[in-house]
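Next up, some structures in structure tokens.
After this come two complexes, each holding chain A, first together with chain B and then together with chain C.
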Partner chain A sequence: MISMLYFVVESMGSFCSRQQPLNEVDSDENKQAAKIDSRIAEETKAEQHIHKLLLLGAGESGKSTIFKQIRLLFQTGFDEAELRSYTSVIHANVYQTIKILYDGAKELAENEPNSLKYVVRADNKEIGEKLSEIGSRMDSPCLTKEIAKEIVTLWNDTAIQETYSHGNILQVPDCAQYFMENLERFSEVNYIPTKEDVLHARVRTTGVVEIQFSPVGESRKSGEVYRLYDVGGQRNERRKWIHLFEGVTSVIFCAAISEYDQMLFEDDTKNRMMETKELFEWVLKQSCFEKSSFMLFLNKFDIFEKKVHRVPLNVCEWFKDYQPMGSGKQEVEHAYEFVKKKFEELYFQNSKPDCVDRAFKIYRTTALDQKLVKKTFKLVDETLRRRNLIEAGLL
Partner chain B sequence: MSVAELKERHIAATATVNSLRERLKQKQQLLVDTDVAAYGRSQGRSAISFVSTDLVCCRTLQGHTGKVYSLDWTPEKNRIVSASQDGRLIVWNALTSQKTHAIKLQCPWVVTCAFAPNGQSVACGGLNSACSIFNLNSQVDRDGNIPVSQILTGHKGYVYSCQYVPDQETRLITSSGDQTCILWDVTTGQRISVFGGEFPSGHTADVLSVSINSSNSNMFVSGSCDTTARLWDTRIASRAVRTYHGHQGEVNTVKLFPDGQRFGTGSNDSTCRLYDMRTGHQLQVYSQQHDGDDNDIPTVTSIAFSISGRLLFAGYSSGACYVWDTLLAEVILNLGELQNSHEGCISCLGLSSDGSALCTGSWDKKLKIWAFGGQRRVI
Partner chain C sequence: MPQYQQQASWRLEGGGQVIDLETAVKDGILGGGESGGGLPAGKDGSFGASAEKLDLKKMIEELDSAAEEDVPSVFICPISLEPMVDPVTLCTGQTYERVHILKWFSLGHLTCPTTMQELWDDAVTPNQTLHQLIHAWFSQRYLRLKKRSEDVQGRTAELVKTLRKVKGQARVQALKDLQKILAAHPAVKKTVADSGGVALLSSLLGPFTSHAVGSEVIAILVNLSLDSDAKANLMQPAKISLMVDMLNEGTIDTKINCTRFIEMLMEEKSFRSEVVTRLSLLVALLRLVKDKRHPNGIVAGLSLLKAICFHEQVRSLIVSIGAVPQLVELLPNLTAECLELALHILDDLSTIAGGCSALKDCAQTIPNAVRLLMRVSEACTQYALSILWAVCKLAPDECAPLAVEAGLAAKLLLVIQSGYNPELKQRAAELLKLCSLNYTTTLFISKCKLTRTIQ
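Coming up: the complex of A and B.
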């Protein structure tokens, strides 16, 4: 079967025998090594006071929007060149959105029992096919006035409107309405995206993005320096790299609570809220976060509060024991408190006894609302500063 | 054809493929009449015996301020490059244990590094989904850092491992969380070939490791989270030459055996395996009983063969580092129990080009060099 070669190398291991006494070692090399050591020490010292924050959450939970908001709030925001760079992204988003709606209408017309209401008007079909083809291309063409008019026509088709209101089983992005309502502005020849447009723009995060910032207090800088990392929400094997983030000051976990009736982009048989639940559980169990604070952002509250009246919470398996209380604002609050409690229970079920000291706070957020994000972040900053003082033994 | 019908046909086709695969596996099992260790014993061979002074830790390389994730030796001179969670690459003179270069990376989340065949450049990759190349002879900038010479972008997921093609400074292979491996031209930064991805015979999960055959650099093996290893011919990117099954957990590491006809693997299932490249058979399983509860079985993070292949070095997440007698499948030494051993998970290891020394890297932030000592000669 196999014959193993068993040959012996004559020369002895060059390591054990050659113990060079230090004074014989090349002194240039020594100097270089010493320089390197002191540089490493300096760099390490300079970074010690920086609090590292890690944004985690399923795809489309709002992490990137929070990231953009932090830029707008605490850094110099986006300059004109950067705003312009979003034009093609927004145009592409428009084409993607209308394509999803048109293709979705076709699919629903085929499979749903009440199918007639999803059938697009005969004279809109040609537009629909054309837009669907454009939306599938890697590089979308510029959004012209003519095409914008056609998109508006299609958007106003009752079948498309009907599809949009049943968008949960398709992958209709949450900001579809925003895109459709602003088409005229987007198709202007000299269109430069506004900050608001940029916040709504959707690009899948690849790799890692980071920003360093110092939140400004009411009257003066608080002095704390934060570095925020966004690792994107793709479903690759997080466990192969999550341990790189051991020792971060805090994990900011984003959960889009409006997604309880939607399916994943990567797997349309999986409910998004269940995916978020599993991800949160998994993150809590990671030993690399034993000492990190957990900030849970229950995001997309604005969409949640509208949806709760239309779609009962118990369509999601995790929320199946939900009992609606009443209606109007009271019902929204009741539903929100229910969801919040579910996450709290999950947190305590999955935190080991030695993590009892870990700070855990829940925040109700709407990532697109700058004021709210600012307020939320102030609270986060307070919690972390307090934590810092406790750890230093000063509180 | 409607979407529903297409879905049904897809499910049926998948079921057919799976049952064919099962039948193949069973047929292969029937053909395996023995394994390497059983054969060796039947030939009257006995395991090499090692005492604790046969392999000693003679250098400890300190300086990283974070976990060490990867290391690589230069092909001739005795230098090592290491990558760490502290966001740095450090180049060490292994004989004197002095640092010769330290590079602070733009994206600190690095998990792999490699030395170019001529020892003049180093490559690294990680969460930025790219592979960055640094020429060690470049002029340093104001902060004492070496500027990046080339960034290889194109992967859609993290880069988990990289290796230069032996004797070809300008070619490099990376493996990624996007389920593909890519062969790059380092000078132009262009992708020459993509292995896997859209093509059906590619890996179906993140690819964690590559090992290029130094006897025939057109061939390389990759290991993946999909529990298989695959053999590729760089001239034919459209399909894998062969897929090797057997592991019950993700394959973290693959390494070509010195004769280029076989290769070893290490996995989350706590075993190492030896495969025959041509026939696809699993020749041997290297598995040890571990104490402790079932939830915490140590994973094999990295492996290397000694110059002759008689020894298989395997690093584990428990901090153990077993030296296996490849022929008889017995553990003859555990570096993790020796004096001066690491205090944490062994994340990487590698043998020097002349086979006289082994370097291990660990989450305890250190690297250690082990050499054959006493009467023990290099095998």
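Coming up: the complex of A and C.
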């Protein structure tokens, strides 16, 4: 009787597409499956508690600097090996910078009306040509004391200084001054970059980088867990990969407000601020960010502060209706408020009515200043935690 | 009668007296304390110089308003139910306030009011013991009250000093403590102002202020009276930005505090409309106004919006965020106070082209406005009428029929017949004419009659 039952059960199994295993094997496999299921459930739950932050912005808006700052603030920072790895980057940056300045001076000397001030001194020309050639190579040589001396000489040439002060129409990086001032240190034989050096170093981000961290609060209790993503900023096929970030807790959009008079690296006929404006509009319209909070970092405030007095905001088409009001610190605040309002307008114009409950906050930042970044991030953390409580109905 | 001298033996220190007042006060139900102070009785046996009585009277008054402790029942006059200033005892042994018992006698009664016994002796004896006890009791508590209020002032000054030094959680706690004291003892506002508290609190608001600190500061500032300089200082863009952020993110109390505070700032002469020309502020206010869970918030939000609408330059911005349809849709659910505010806002917005067309485009405008005529108050009727007028003038062919269908004609007739001001009635008449243009007389009258019977 039992064997008949056995037979029936067996044959029943063969009718199904999958063989029904017998009791013991059955329970083993089930146990395995259950284990995997619970593991998946655990990890999904853990994932849900991780707040994902996405850094977006045009090229050179300071995203990667913010990224590095967060590493320095909330992780173990850079170890010696990593610091060393930046040496060649910094040396390359130096060569690139001086090349841009020298080539720029030549260009200005040819095209500008009072060209004489851009003409490099005769005895510096040879140095200039040599450095320009080095800067164009893919692999730059190590920065030796001799070359450093030559660079300093060239840097001190009035024509180069003149070029630097008109750097906006060229692609002179903002940290040119920092590099030139620290040449002696960079050219030391046993040079290991400092944290400050690393923050200034410029590498184009390719692909996506991420770090996970937990900002430790004042009371040292464990805080929220954040995962920060940094993507490259240059014009590329954004629309293809942006949806991979659907449902991030927050988009941190970096806009360098000092760039209102500068042109794009990829297209030197396009004003950088206009590019940022278009990018922000595009990001706001993406449906994948419908539920995400928007944190707008108006970055490079320190450069903005100084530039506002020299270069009127109206040179940028978006800001053409700006009316200067006073002078000194008041003027800076006034100009900053104007820019803020413009971004606010842009935000509300491009947010659909059902996105009204999205958190939107504007922060002024100077990514290179670690203290400021820490303060700013504390505010971001507070906002996101409050959001959580509000959504949970506890506030 | 002999002058009643206060003997040393009656005084309070030293033992061996029949009554040791100090101990009695200390150990008895009357609590510990001060010596009563000796007082010589006057010629007629009444107590003390009038200066002494005034003191006691004053103390009684102040303590009464502080209303902290119950006065012991033995101190209370059975006639007036007030503490006795000049207690006198009858031959029955009952004690009353002199003034009142004499009045009793003067009315012709020769009985003891409480025991109802006939008096065999109409003499009234000043009860010095009781007087001293009463005085001692009140003095003690009066001095305690004064000390505590000084204490409170001292504590407040301490807190302000602390605020200058601490940061982080300690700062938030100090602010919370300060707010608690201010809520319990409004008189310390002056102390805060005197110790530079206002400027200090103001300086705590800036671009890097956390929400925790900012919300506490605003909760304090909104209850202080600020001078023009302080207010001007608080109108700095960075501080206003912080307030707007808190309006967006805070608890309902914080939101209301910020709203009221900004409204307060707007009353300053030096106020410029750019301060409130901010989309984030207007959006936050609109959200506040639509939050049905918190009626306080709705009132505060509408009040500020109305103040903002007063500035013509901001009106188009308000319209651009879609305020008009959202406000119109709110109307049926608002209280009378809110209705007046909301209608006032919509009326102001109707003065600009964008606002007027937004009103026209919103389907609920006409029905809601017609319904509100003659419903709530003269002011509401005036605003509703003004809105209808603006909309019908803009697109008479489209709007007039809608209005008439909604029962406008009958309402207008009511307005015209009402006791409201003549200008309003004139307007109503004109609107009636405008609306009747597209109808024949009979059809129009039927519209009126029909709607009246519906009502």
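Note that the second predicted complex is superposed on the first by the 353 of 395 C-alpha atoms of A that agree within 3 Å, B and C clash if a C-alpha of one lies under 4 Å from a C-alpha of the other, contacts with A are read in each partner's own complex, and residues count from 1 in each chain.
Just so it is clear, a residue touches a chain if its C-beta (ideal position, glycine included) is under 8 Å from a C-beta of that chain, and two chains touch if they have at least 3 such contacts.
Since the structure is predicted, the reported quantities are computational estimates derived from the model, not experimental observations.
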{"item": "Which superposed partner A:Lys270 touches (first chain B, second chain C, both, neither)", "value": "neither"}
{"item": "First, second, both or neither for A:Glu110, with chain B first and chain C second", "value": "first"}
{"item": "First (chain B), second (chain C), both or neither touched by A:Val208", "value": "first"}
{"item": "Residues of chain A touched, compared between chain B and chain C (which is higher)", "value": "B"}
{"item": "Partner chain in contact with A:Trp241 - chain B first, chain C second, else both or neither", "value": "first"}
{"item": "First (chain B), second (chain C), both or neither touched by A:Ile40", "value": "first"}
{"item": "Contacts of A:Thr383 with chain B and chain C, given as first, second, both or neither", "value": "second"}
{"item": "Touching partner for A:His166 - first (chain B), second (chain C), both, neither", "value": "neither"}
{"item": "Chain C - residues contacting chain A, complex", "value": "168-169, 207-208, 210-212, 236-238, 241, 245, 248-249, 251, 277-280, 283, 287, 321-322"}
{"item": "Contacting residues of chain A [partner chain C, same complex]", "value": "218-219, 333-334, 336-337, 340-341, 344-345, 347-348, 353, 356-357, 359-364, 375-376, 378-379, 382-383, 386-387, 390, 395"}
{"item": "Contact footprint of chain A on chain B as seen in their complex", "value": "2-4, 34, 36, 39, 56, 58-59, 63, 65, 67, 69, 78, 85-86, 88, 90, 93-96, 98-102, 104, 107, 109, 111, 126-130, 143-144, 156-158, 160, 177-178, 205-206, 208, 225, 250, 259, 283, 307-310, 326-327, 354-357, 369, 371-373, 377-379"}
{"item": "Complex contact set, residues of chain A against chain B", "value": "1-2, 4-9, 11-16, 18-20, 25-26, 29-30, 32-33, 35-37, 39-40, 43-44, 107, 110-111, 206-208, 231, 234, 236-237, 240-241, 243-244, 246"}
